[in-house]
Amino acid sequence: MGYHFHFAPIWSAIPDIWSAVGVAALVALTIIPLAFGIGTAAALAAEYGGRRTKLAIAIYVEAMRNSPSLVKMYFIFLGLPSLGLFPSPFWSGVIALALHNGGYVTEIVRGGLAAVNRTEVQAAASLGFSWFDTQRTIVLPQALRFSLPSLTNVWVEMIKDTSLTSALAVKELFYLMTALVSSTLRSFEILIVFAAIYFAMTTLFAIAMKIVELRTRWK
Amino acid sequence: MIEITALKKSYDARTIIDGITLSVPKGTVCGVLGPSGSGKSTLLRCVNFLEPYEGGEIRVDGELVGYELDNGRRALKPRREIARMRSECCMVFQQFNLFSHMAALDNVAIALVKVRGLKAPEAREKAEALLAKVGLSNRKDAYPAFLSGGEQQRVAIARALAMQPKVLLLDEVTSALDPERAAEVLDVIATLGREGMTMMMVTHQVHFAREVCRHMVFLDEGRIVEDGGPDMLARPKTQRLRSFLRHLRLA
Amino acid sequence: MDRSISVIQLLPLLLKGFGITLLLAAVAIGLGAVFGTLLGSLYAWGGRVVRAVLFMLVTIVRGVPLVVQVFAVFFMLPAYGIKFSAVSSAGIALTLFASFTIMEIVRGGIEVVPKAQMQAALSLGFSYHEAMRTIVLPQALRSMMPSLVNQGVFMVKATSVVSLFGVTEFMYVSKEQIERTLMGFEIMAFVWIAYTIVCYPLTALGRRFEEHLKGRGQTSLAGAGA
């Protein structure tokens, strides 16, 4: 093995790496509340809505689950200009991933809603709770708690998918990685460092979610 | 306090309640007995308007439950009105139905905050007093999963009492409990009865019912077959009630 | 009107790209199933060291984006003097990824069958192989089916990632045509629908398997993975 490691080019790129980590984190942290909002709203609508609402939500979920997130990114970034809309690379990526991820969140929250005891809803009704208060204080807290482990899974997938926004020239980690490889030609070292950064991001996120899970136990 | 007149209720084609007329005066306890499927739980659920009813009327403290009359035609009350009336005649369930993600104290306090609009500290103070009343001061921070059945049911009673209801509806509250646990719960109910709480209770505890209930009705197939005072069970008049009591004794 | 005619004219090109996508997915799933089964058996029945190594590898594979892994294959192999075409490199990368994810499913499937089932079969006089073939494997396979089908769907979608490396699959060809014709809306809508037509029946099948398991009171291994 005559390979000599040279990490020097990477050290000099640390400021760039930091800002790329920042962009990736910003993309992910913008998507989580969006996807969470979309998913929760859609799940509630599917649970309580009429037949047409249910059908619309089902179509939305299937449209998201059965094609790559890249399709939605290109659809927004390259497709919407045909309609006279020109979303920025950042927002194209964020909206596409939020919609894509929201489809999975919908399914998960629906499962969570189904796991809440219907009898507790009746108990709330018999105490005079309004529908809104019943959802907010009795049903959703439990449904979302049941959903946490699965939400962690799909959000880890989503964090990894933020690397695909490089295809729209969002200057996140993978974008910087390919740029550094072609400018320094130290592909092996760069690969190790960037894989480690991604690994740290997904692992830290999963650990944080686990802590939330443990802190919110009631059984 | 509760006036039920010619009540009718059916699911699809099946008649569940077939013309029940019943009056529970203020401060009395009315026991409802009957075999399973006789409509006794449904009767309670109608009083709480967890089930709508088609015919007759139910009045609590003079007010029609669930509907309002508009030129003689019945229309559903606004949701908020229905919720208010429910909070004035609270129900305690066979399976307790505590909110499983909240500690005992919060189970009692939450409705005070959400329905009565109290501030959280005030609600918790009241809730603590109520838990003390049902003998559970030491368990106030426990989640339902860590409470015994008897403890859960006492929390559920405290939760209903928190609303200071005009009426308490008890739906087979001891059926899911072993005899010892049931006794804890029955003690609490007997105390409430002595304090003058108006209650309607569906029960299979014949001895207990005789002690606590001033008035009793026996339902079968959605009708009142027999009604009377506590001694009704000692001297049943109808064949139907006699055989029902015999079955209970065997069980 | 004029524009929609051109989409039809583009169909042969686009469908050729879609063919490569499906080919890549089929290779990755097929080879991944073989390697994944071998690795999964190793994982379930192997010694401490083997398990530790496999655990480490699968943790890395699941914690790092697929693009980075594909990148590794595209740039590492040539560094060791191994040269493949872009499509072959993509096939290798996707197969590696599929192998490790299927390994996890197979291991879970094996471990979900209680050891007592094997003991019960042996106590009835089954030979080890008979017990494995008639008692343990059918149960393991049934519990694995939903996850395997979902993984299949995942792989079909995941192939799109290699478009970033110039592999002329569906996504790459479509993007090329958008740049040429500027019909982004029409072409991407077509791509979206084409993926859905292939993936939806599989998703529905996965759900059927899952419901079937639930109906038998068994649990599936499938989390709601993306």
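Lettered A, B and C in written order, each chain numbered from 1.
We take it that a contact is a pair of C-beta atoms (placed from the backbone, for glycine too) under 8 Å apart; a residue touches a chain by one contact, two chains touch by 3 or more.
Predicted model, so just to flag it, every value in this text is computed and none were measured.
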Path length in the contact graph (chain B to chain C, fewest steps): 2
Chain pair that, of all pairs, has the most C-beta pairs in contact: A-C
Separation of mean Cα positions, chain C and chain B [Å, integer]: 56
For chain A paired with chain C, centre-to-centre distance based on mean C-alpha positions, whole Å: 21
Length of the line joining the C-alpha centres of chain A and chain B, rounded to whole Å: 46
Chain C - residues contacting chain A, complex: 60, 62-68, 71-72, 75-76, 79, 153, 157-158, 160-161, 163-164, 171, 174-175, 178, 182-189, 191-192, 195-196, 199-200, 203, 223-226
Touching residues (chain side chain A, partner chain B) in the complex: 117, 119-120, 122-131, 133, 137-138, 141-142, 145, 218-219
In the complex with chain C, residue positions of chain A that touch it: 62-63, 65-72, 74-75, 78-83, 101, 104, 107-108, 111, 149-150, 153-154, 156-158, 160-164, 166-167, 174, 177-178, 181, 187-188, 191, 194-195, 198-199, 202-203
Sites on chain B touched by chain A in the complex: 48, 50, 79-80, 83-88, 90-91, 93, 95, 97-103, 110-111, 114-115, 143-145, 156, 159-160, 163
